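Shared between the two complexes below is chain A, which pairs with chain B and chain C, respectively.
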Partner chain A sequence: MDWELIFSRALSAGIGTEAVIYALAAIGLNIHFGYTGLLNFGQAGFLAVGAYGLATTITTFGLPFWLGVTVGLVGAVLFALLLGIPTLRLRADYLAIVTIAAAEIVRLVVRSVALRGTFGGTDGLDSFSGDFYALNPYSPGSYGFWLIKFDHRTLWVLTVGWILVAAACAVVYLVMKSPWGRVLKAIREDEDAVRSLGKNVFSYKMQALVFGGVVGSLAGFLFALSRAATQPDLFSTELTFFAYTVLILGGAARVAGPVVGAMIFWLLLILVKTGMEEAVNHQVITFITVNQVGSINYMLVGLGLILLLIYRPQGIFGDKREIALDAR
Partner chain B sequence: MVFTAFMGALLFALASPAFADGETLRGTLQNQGQPVTGVKITVTSGDGQPVGEATSDAEGKWEVPVPAAGSYQVTLDQATLPTGTVLRLKDRATLTVQVFEGNYRNVLFALASGNADGSGAQPDDGSSASSAFWTRVAQLAFEGLSLGLVIALGALGISLIFGTTGLTNFAHGELLTVGAFAALVLNTTLGLHLLVAAPLAVLISAAFGYGQERFFWGPLRNRKTGLVSMMIISIGVAIFLRYLVLFLFGGENVPYEQYVAQDGIQLGPISTTPKGLIAMGVEIVVLIAVGLALTYTRLGKATRAVSDNPALAASSGINVDRIVRIVWAMGAAVAGLAGIMLGTTQILNFQMGQQVLLLMFAGVTLGGLGTAFGALVGALVVGMFVQISTIWIPPELKTVGALAVLIIVLLVRPQGILGRRERIG
Partner chain C sequence: MHAETVNRRAQAQAAFAEVAPEPGAPKPDPILVVDDVIRRFGGLTAVDVKHVEIQRGSITALIGPNGAGKTTFFNQLTGFDTADAGTWTFNGRQLNGLPAHKVARQGMVRTFQLTKALSKLTVLENMRLGAQKQRGENFFRALVSSLWQGQEDEITVRAEELLERFKLDKKRDDFAGSLSGGQRKLLEMARALMVGPELVMLDEPMAGVNPALTQSLLGHVKDLREQGMTVLFVEHDMDMVRDISDWVIVMAQGAVIAEGPPDTIMADPRVIDAYLGAHHDAPLTVAEAEQQLHEAEAELEAELVPEVEEKA
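Up next, the complex of A and B:
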């Protein structure tokens, strides 16, 4: 077995594009679930709106890159408003069902044959990332140290991505220390108490939904740009639940929780995946095929999510008292 | 039969786009459920250039790879049809079809029994457009009822489990999948006839539901695990079970041994198959039985009492834990039955439960979360709506319509059709 390959891939995944994308998606979820207690099960929808807002503007309508970014961000705001208006006054499980349904609506619409001319059907869209890579300051080649190597394009995505993660973390840190952030946390703890103090709970929840959704759309941009293409089935419900696993692993309601969670999640996931693939290829494990390794990986994620919630819902950094685990 | 075969092909095409590589035209030739072999199919491109040809194999299947997306003409050579088999519509030996990039396209030729002189082949009736429209509405309403009944079986369990424990179970779709695959193992591996395998699989489903409550959800509730926690745990369970099925059985669609292809039958404007009718009959009987049991038996009354107010039910001497276990066993059994029916009449793969989960939620929400009869009404409405909406919107967007209605219902009447106001906020 090629241990160098296994560790090289695992370490690269721990700081690679997937880790960045899931860190941003989970930071958005952290604002929703961790700080405000909103059970958003449709984060994949926000990523899809971001990615398709960018890709459709550039590829289908031939408009400039920065306009695409603006369309993605505005799209995420509108999507949050659309989701929030019917559900934020209702109980937590209604929000969960509606958000998961809305994310599926987005995915089914962009993959439909009827709107193929606009969104590209199941094949999705590509050739929208030229302007982004034109800004790349790194000259072509391979960069890295020890076991970790990235090419110049990936390095550029990672640079932008980690800057966005750092910026998002800084904003979350500052905002959650502010009076506004304290209201959000108070809503999570006791909505009625906050209402009795004269705060407009609905409006605060809506602002939190928009804020977290916009951070999610940033993850969508990176997802699309890092692959230089976007396909509808990247944004299935599994993406949302992986992001939940990331968030709970790192610790909800903590600024660094989603980031550390994403790094550990992808490091472990790829370590186990590559490890098992190598073991199968070298006949160390003989009772499964390489194709089955993928399903085992998913099963482990499901199992991990169950065990985390049962035995350590606060994850690595969190505080159990700070996590909204009871429906109101 | 042709229409149901088409629906099956459509569902298959929607369900597994990821496995398609390269553009292909293909189809299966069947007459009265029997494969038709040795029939020559020729494919030419839009401008008449020959692309390829194929001959249907022992299973009636044929396949012609095409070089690129575009419009193609597919011709069935009527001279190669076996004696006694003719095209149902003589003038439809050449079909023009569109192939999309990266997709395969199923092409269907409707075959019938008869002689070459045309007896037995149905003439293309020149009925007016309006009667054709209402025929289509009737057909779609019928299919909607069929889908609605499957959704109702699942929604019933979701609703009762929510009512008695407060858990919104995101792993309920997997109860359908597990039931369907339990029947598959009994049917194909152990070689039992489906009529024997199906009831056994329903029992296995019931045991699975009972076990889940007895050894997993019950202990979690005793640990005072929060409802949101349990909701996220149910997602973990759903992912685990779904990929366990993928691990064990692979990602392909698999059929049961019996009742794969059946002769179509015509009931007025509606064409269907005997198995479709029997499945609907079984579903209706089960739903009525469960409804009567909930209304008239002691156990049913106790269930509704727990669903209404667990603390009050417990204080009036009802064993709440026992009721919850029975609800889980019953909910899982009914969901397993729905899975088997779905597997017999439409598709059987590891994602089948997940694909109807949101429709079940839509039905439950529409009817009113926590009310058993609301779930039934809501599910039937959702099923009908999904199918009938395909008159105006493309079929691949029909789920979108149902989910959009779910959101609109929450805006207008959040408690649902039969729900009560105080449950929602």
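Up next, the complex of A and C:
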């Protein structure tokens, strides 16, 4: 077995494009769910709005890159408002149902045949990332150290991505230790108590939904740009559930939780996958084929999540004291 | 201090001297005036209050049997529920139709029958949350701590003073969820005071609180009157009502059926009929009171139940 290959792939995945995308998606979810208690099951929708806002503006309408970014961001804000206005006054479970449906609606709209001219149907859109890669300061080649290697394009995506992650974490850190963040955490505990103290709960929930949605759309930009293409089926509900896994793994309501969660999630995912592939290829494991490795890998993810929720529900960074209180 | 206490109480009671002990009686200086409030749940009329006034600077008790509509009435007044009909003014300003948070901002703050401690916030954070007009509660200003840190420090000083008064200063950095039921009641009351209210509405502040703590809670409620606040509270314990209230309003089946000073009310046949009935076992003589006390103590020791726990 080629252990160097296994660890090289695993370590690269731990800091690679997927880790960045899921870190951002989960930072958004952390604002929604971790801090405010909003059960948003439609985070994939925010990523889709970001990705398609960017791609459609540039590819379909031939407008400049920065306008595409603006459209994506404004789109995420509007999407949040659209979700929030009818549901944030209702019980928490309604938001969960509406968001999961809304994200599916976004996906079905962009993959629809009728709007093929605008969104590209199931094939999606491409050739919108030229301006982004034109800004790439790295000259063509392979970069890296020790077992980790990236090409210049990936390195550029990662540079921008980790800067965005750092910036998002910084903003989350600042606002969550402020009185603004205190109101959000209080809403998570008991809305009515917060109302009785003169705070406009609806407005704060809306702000949280918008803020987390905008961070989600950043993940959407990176998703589209890193692949230089965007397809509707990248934004299925699975993405949201992986983002939740990442969040819970790292620890909800912790600034670094989603980031560490994303890194560990992708590192382990690729470690196990490559490990299994290598083992099958070298006849160490003989009862499965290489084609089955992918599915088994995802089963293991599910198993891991279950074990995590049973034995360490607070995640890596969570505070055991906080979780224990729920039992009272 | 003591003389002043007597004074405030005397003042409050003097204000009621001219008030007729009947439902809907007008008060000399009402802070809250309620007219024709109706709330129905399907076929059930939970609240149907014709006219009620709450005297400023007094402690008014709202009593009535279980299901009389006291909590529902509170919910209407504070914007936590939408009344089917009715108007009410606070300090002359119309409040009906206003959402709960705006009612609180006007200076009319309530607590809940089932305590709402914010479990995963510390006691101090619970308190700070109560403060109004916080600059740091705006998203963009929140990013720059120098814009709100000064105000936060002032708020913290106020919060610590209150915590000390409510004997919670040692719990300052504990999660509110780790407090006992009675301590949560104290915290909720202290937190409501952080809002800086003119009218404090307490829904069963003593429920589930052990006798020793009850005494200190009573002291705190009287203290509010000393500081010029008006108190409207719901309570089932008649001794307590008699002890601290200047005026009593009785509800039964959604309507106000009697009003008056505590002693008059307890003797009112309508009230005894509707509410006290066979349960009216308030001690009449010193000997009886003592015997009850002994019985209660013996019971307590026998059971060794530490405290009434309450699920938040």
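Heads up, the rule we're going with is that the second predicted complex is superposed on the first by the 319 of 328 C-alpha atoms of A that agree within 3 Å, B and C clash if a C-alpha of one lies under 4 Å from a C-alpha of the other, contacts with A are read in each partner's own complex, and residues count from 1 in each chain.
The rule is short, and it goes like this: contacts are C-beta pairs under 8 Å (C-beta built on N, C-alpha and C of every residue); 3 or more make two chains touch, one makes a residue touch a chain.
Just so we're clear, the structure is a prediction, and the values are computed from it rather than from any experiment.
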Room on chain A for both chain B and chain C (clash or fit) = fit
Partner touching more residues of chain A, whether chain B or chain C | B
Now for A:S196: first (chain B), second (chain C), both, or neither, which partner does it touch?
-> second
Could you say whether A:G181 touches chain B, chain C, both of them, or neither, answering first, second, both or neither?
-> second
Considering only touches as defined above, state whether A:V171 meets chain B (first), chain C (second), both or neither.
-> second
Name the contact category of A:H282: first (chain B only), second (chain C only), both, or neither.
-> neither
Once the shared chain is lined up, is A:F211 touching chain B (first), chain C (second), both, or neither of them?
-> second
Tell me which partner A:K149 touches in the superposition: chain B (first), chain C (second), both or neither.
-> neither
Min C-alpha distance, chain B to chain C, superposed, in Å, is 10
Using the superposition described at the top, list the residues of chain A that contact chain B and also contact chain C.
-> 325
Counting only contacts in the complex, chain A reaches chain C at residues 171, 174-175, 177-183, 185-186, 188-190, 192-201, 207, 211, 321-322, 325, 328
Using the touch rule from the top, collect the residues of chain C that touch chain A in their complex.
-> 78-80, 99-102, 104-105, 109-112, 116-121, 125-126, 128-130, 132, 134-139, 142-143, 145, 148, 152, 175, 177-178, 188, 191-192, 194-195, 311-312
Residues of chain A defined as touching chain B within the complex = 39, 41, 85-87, 89-94, 96-98, 100-102, 104-105, 108-109, 111-114, 116, 121-123, 233, 238, 241, 244, 248, 291-292, 295-296, 298-299, 301-306, 309-310, 313, 324-327
Counting only contacts in the complex, chain B reaches chain A at residues 17-18, 100-103, 166, 168, 220, 223, 225-229, 231-233, 235-244, 246-247, 250, 358, 361-362, 365, 369, 393-394, 396-397, 399-400, 403-404, 406-408, 410-411, 414, 424-425
